[in-house]
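The letters A, B and C name the chains in turn, as written, and every chain counts its residues from 1.
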Amino acid sequence: MSQTSIDPRSLRAPPKRPIKLSWSDERVRGIFWQVVVVGIVVSMVWWLWSNTVHNLEVRRIATGFGFLGREAGLPIAESLIDYNPTNSYLRALMVGLLNTLKVAVVGIILATVFGTLIGIARLSKNWVLRTLSATYVEVIRDLPLLLQLLFWYAILQGLPGPRQALHPAEGVFLSNRGLKLPWIQWEGAHSLALVAFLLGLVATIMYRRQALAKQIADGVPRAVWPVALVCLVALPLAAWAALGAPFTPDIPALRGFNFQGGLTLSPEYFALLAGLVMYTAGFIAEIVRAGIQAVPNGQREAAQALGLRPGAVLRLVVLPQALRVIVPPMTSQYLNITKNSSLAVAIGYQDIVSIANTTLNQTGQAIEGIAIIMLVYLTISLSISGFMNWYNARIALVER
Amino acid sequence: MSNTMEAVASAARADAPPAIMLDKVNKWYGAMHVLRDVSLNVALGERLVVCGPSGSGKSTLIRCINRLETHQEGSIKVDGIELSDDLRALDAIRREVGMVFQSFNLFPHLTILENCTLAPIWVRHMPKAEAEALAMQYLERVKIPEQAKKYPGQLSGGQQQRVAIARALCMKPKIMLFDEPTSALDPEMIKEVLEVMVSLAETGMTMVCVTHEMGFARQVADRVVFMDRGEIVEQGPPGEIFENPRTDRLKLFLSQILRGH
Amino acid sequence: MSDAAIPTPARPAPITLVGPIAWVRNNLFSGWISGLISLVLLFLIVKWALGFIEWGVINAVWSVPNNQTQACRDLRGTGACWAVITEKHRFILFGTYPYEEQWRAFLSILIFSGLFIVSAMRSFWRKELALVWIGALTAIGVLMWGGVLGLNYVPQERWGGLVITLILATFGLAFAFPLSILVALGRRSRLPAIKALCVIYVELIRGVPLISLLFMASVMFPLFLPEGMNIDKLLRAQIAIILFAGAYLAEVVRGGLQTLPRGQYEAADALGLSYWKKTGFIVLPQALRLVIPPLVNTFIGFFKDTSLVLIIGIFDLLTAGKTAIIEPAWQGFGIEVYLTVGFIYFCFCFAMSRYSQNLEAELNRHRVR
């Protein structure tokens, strides 16, 4: 056969198999079952829907999201944005969403740090540390989170009032009004210093990447720490000093029956955060431990035998493999923190669920209220799981 | 390789300081005494084969040489450097000593080429292009340059082990340790790995091999060390060890090995 | 090599390597940081343990006459007021179930426990186990409701406490498990419409918190039903829990279906088995066995999650505990009550988690061989 001529067989399209309208045809059966199942589901949904429409008419419940623009009239104790009860429901829900994110984001960071430490402690050579962390993980995971939240809240409420507040360190007060921490009077210079620090952090990370890339290219190792020192310490300090280096400590102090000044964590926020962090840290610890143990010892030995220093062994060999095991379940724990923050409603922290719940009680529009809750969480969940699928596909091991 | 040539070569090596010196090394795992007063010198360029029944301490011995295990008594000197808790000495030794494991221990998340260039780049501070050229050179020597872009999981056991050898060689070590490199492999793959090891031996590399491959020992070893229960029982040129075993323990071991083959 | 024929005798390891001294050195003082950590932790553990014993045992008040809690209040937090448990333990366990009939609720708790124990034993993993479950759950229904066999009728509103927690969890499992198998099979189906339905169900449920489902059950379900038809609150919460658990269990079952080697499916096809025969005889028996440990872990999860019904006002164990301290006389003794309720939850969950760990170790052993 010559190179140019085309094999006539390759021109033939696969024959189309005609659908035989017979029960013995696999595709007919497939279509039949799909029609049956979808039919049942659709008719059930239609039945429920028509009942609902009828009930709403009978009970004269309004529908639609028009209520969002109305005055909410519900007081909210803590808020990240300006809010007062004359604002609209929409703004109240925004406050709730921000409160959810406030507890979820701080919770995720703290739980990751705390959980990773416990997970590493579970693998420690030190018997006391190992046993203590194992006990912690076992106990904390066997108790309902809601119970733990109520327990912490009960402890906080059982604390003495501001006048007899626990005072473990200068400027730190723990009372039934929550936790008070010393802070500083925030001024423009501090914001600028913070911005400088963040810019410095980005610059350091970029410099480090470049330095490593250059080292890969020409082999000359470059020290990163001088640049880090300049960007992370000197730059923010310079920015702060340039604006006159203002520093006014804002230390909480007892005035009459309550505290003034300082940073406040309300008892509700504190109990919710502490409960979520301690509970989730128990799960994260197990994930981290499993991830570290999933890297066979031979990998570490082989890297050592090649002469890699401990830091490089961790960075180049152990972590890339451990993260593969850690990241997917870790993501679902982050998702769990976000979803579990909805338990706030039980101890009176006003998150999105709590405010949506109040809204639906006040307006009677249950369907819209629950739809808002679900929509918010679905958006968060689906975006995180979308990210996770992308990440998993990216890091999957190639095997034959 | 003729016998006379080998005799000349070993005579020349006799004056050089030994590459590895072990002096009355003792090691325990918990209460188990796994190395008992082991003393052994390996000359530069010498090819040493360590054999013995399983649990005799041979793997422990060579893992002590690059301090994957720590010994508790006695002293070990590699290339004149004493092994101790000193991290700088350890770095120096690990740079000079390459190791090949029974279970390959390739890094599954890196390509074959990346496995080979990892240590040259980060330990030897070699430019990437140079490291890659070096790696390709060694991959050609172990006869798998065409697999460079693949991942370890896509290779057969024999290919993985040859990559592991190339990876160790990329550090240009003075000494190579082999810890039962063929015991996890199928027979036809054993052959391809042994061929690579023989060709490596012909370049004059100092090698310490823990292996049961008697054919390999006869072909390349200058000296065979027989270990049993944590001590060196007999040592000598392969011919002598295999033809005229003096101790009952070695005779028993050899009869079991031969029956097994 | 003169005496090489005689093996060198093993020398005992130096005292620094074995024995209690070595254990202490390796496990407590392997370096000065480790030693410091050990000392600090041991000090804290002993201090807290002593503090807890002082609070919980030495200074504690175990009972008070006629709700006179002054003795407890006088402690000012230096001692536990276990009197609240002495007084309220029946309320916490059985809710407002009629006092003289509480043996029925107690017997139900025993049947539940027996059911769990029987289900945990491998020698009972047979088809008949389903019959045992149906029998046991029927018996519990008869005991709790009464109205037959000479038992007085007790309306469902009077049930409460631990029994409700066990009912929600057990009935939840009994219905969610079959549902989850169907959904897991559906998600792996080749029929696009069925697959899509199952994916939507699982992702929708897993994407929202359980609370939102419970709210839905409590405020939206009544709107779903035709006028005049009403189902009670407990049943509505039970349905929400079943839907919730079904989605999570389905993902676990799907994991088992995925780990089953393809060869098993191919071999079954080669034998000419139909889809349902293949699934029932070949796929499920193997896949379910593989996922029992994660199934138990998921079950522990939603056993704990049943406590969320507190938020919609259903009288489970945790709600009973919280309600017990609403009475002014007993206000402020939350810590004692929550410790007790927590202990009950812990007993159930710890037993299950130990069981799943042992089972996993056993399954792994078999797989290695």
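Everything below uses one rule, namely that a residue touches a chain if its C-beta (ideal position, glycine included) is under 8 Å from a C-beta of that chain, and two chains touch if they have at least 3 such contacts.
The model shown is predicted, which means the values in this text are computed figures rather than measured ones.
Engineer: Find me the chain with the mean Cα position closest to the mean of all the protein Cα atoms on display.
Structural biologist: If we average C-alpha coordinates per chain, A lands closest to the whole-structure average.
Engineer: Which two chains meet at the most C-beta pairs?
Structural biologist: A-C
Engineer: Taking each chain's centre as the mean of its C-alpha atoms, which one ends up farthest from the centre of subunit A?
Structural biologist: It is B whose centre lies farthest from that of subunit A.
Engineer: From the mean C-alpha coordinate of subunit A to that of subunit C, what's the distance rounded to whole Å?
Structural biologist: The answer is 25 Å.
Engineer: If you average the Cα atoms of subunit A and of subunit B to get two centres, how far apart are those centres in Å?
Structural biologist: Taking the mean C-alpha position of each chain, the two centres sit 49 Å apart.
Engineer: Approximately how many whole Å separate the CA-defined centres of subunit B and subunit C?
Structural biologist: The mean C-alpha positions of subunit B and subunit C differ by 53 Å.
Engineer: For subunit B, which residues are in contact with subunit C within the complex?
Structural biologist: Those in contact with subunit C are residues 26, 28, 30-33, 36-37, 72-73, 228-235, 246-249.
Engineer: List the residues on subunit A that touch subunit B in their complex, please.
Structural biologist: Touching subunit B from subunit A are residues 215-221, 296, 298-299, 301-309, 312, 316-317, 320-321, 324, 395, 397-400.
Engineer: Flag every residue of subunit B that touches subunit A in the complex, lowest number first.
Structural biologist: 66, 68, 91, 94-95, 97-99, 101, 103, 105-109, 118-119, 121-130, 150-151, 153-155, 164, 167-168, 171
Engineer: Any idea which subunit C residues touch subunit A in the complex?
Structural biologist: 26-28, 30, 34, 37-38, 41-42, 45, 77, 190-194, 197, 203-204, 206-212, 215-216, 219-220, 222-227, 300, 304-305, 307-308, 310-311, 318, 322, 332, 334-335, 338-339, 341-342, 345-346, 349-350, 353
Engineer: Quick check on the complex: what are the subunit A residues that touch subunit C?
Structural biologist: 30, 33-34, 37-38, 41, 48, 51-52, 54-56, 58, 125-129, 132, 138-139, 141-148, 150-151, 154-155, 157-158, 339-340, 342-343, 345-346, 353, 357, 360, 366-367, 369-370, 373-374, 377-378, 381-382, 385
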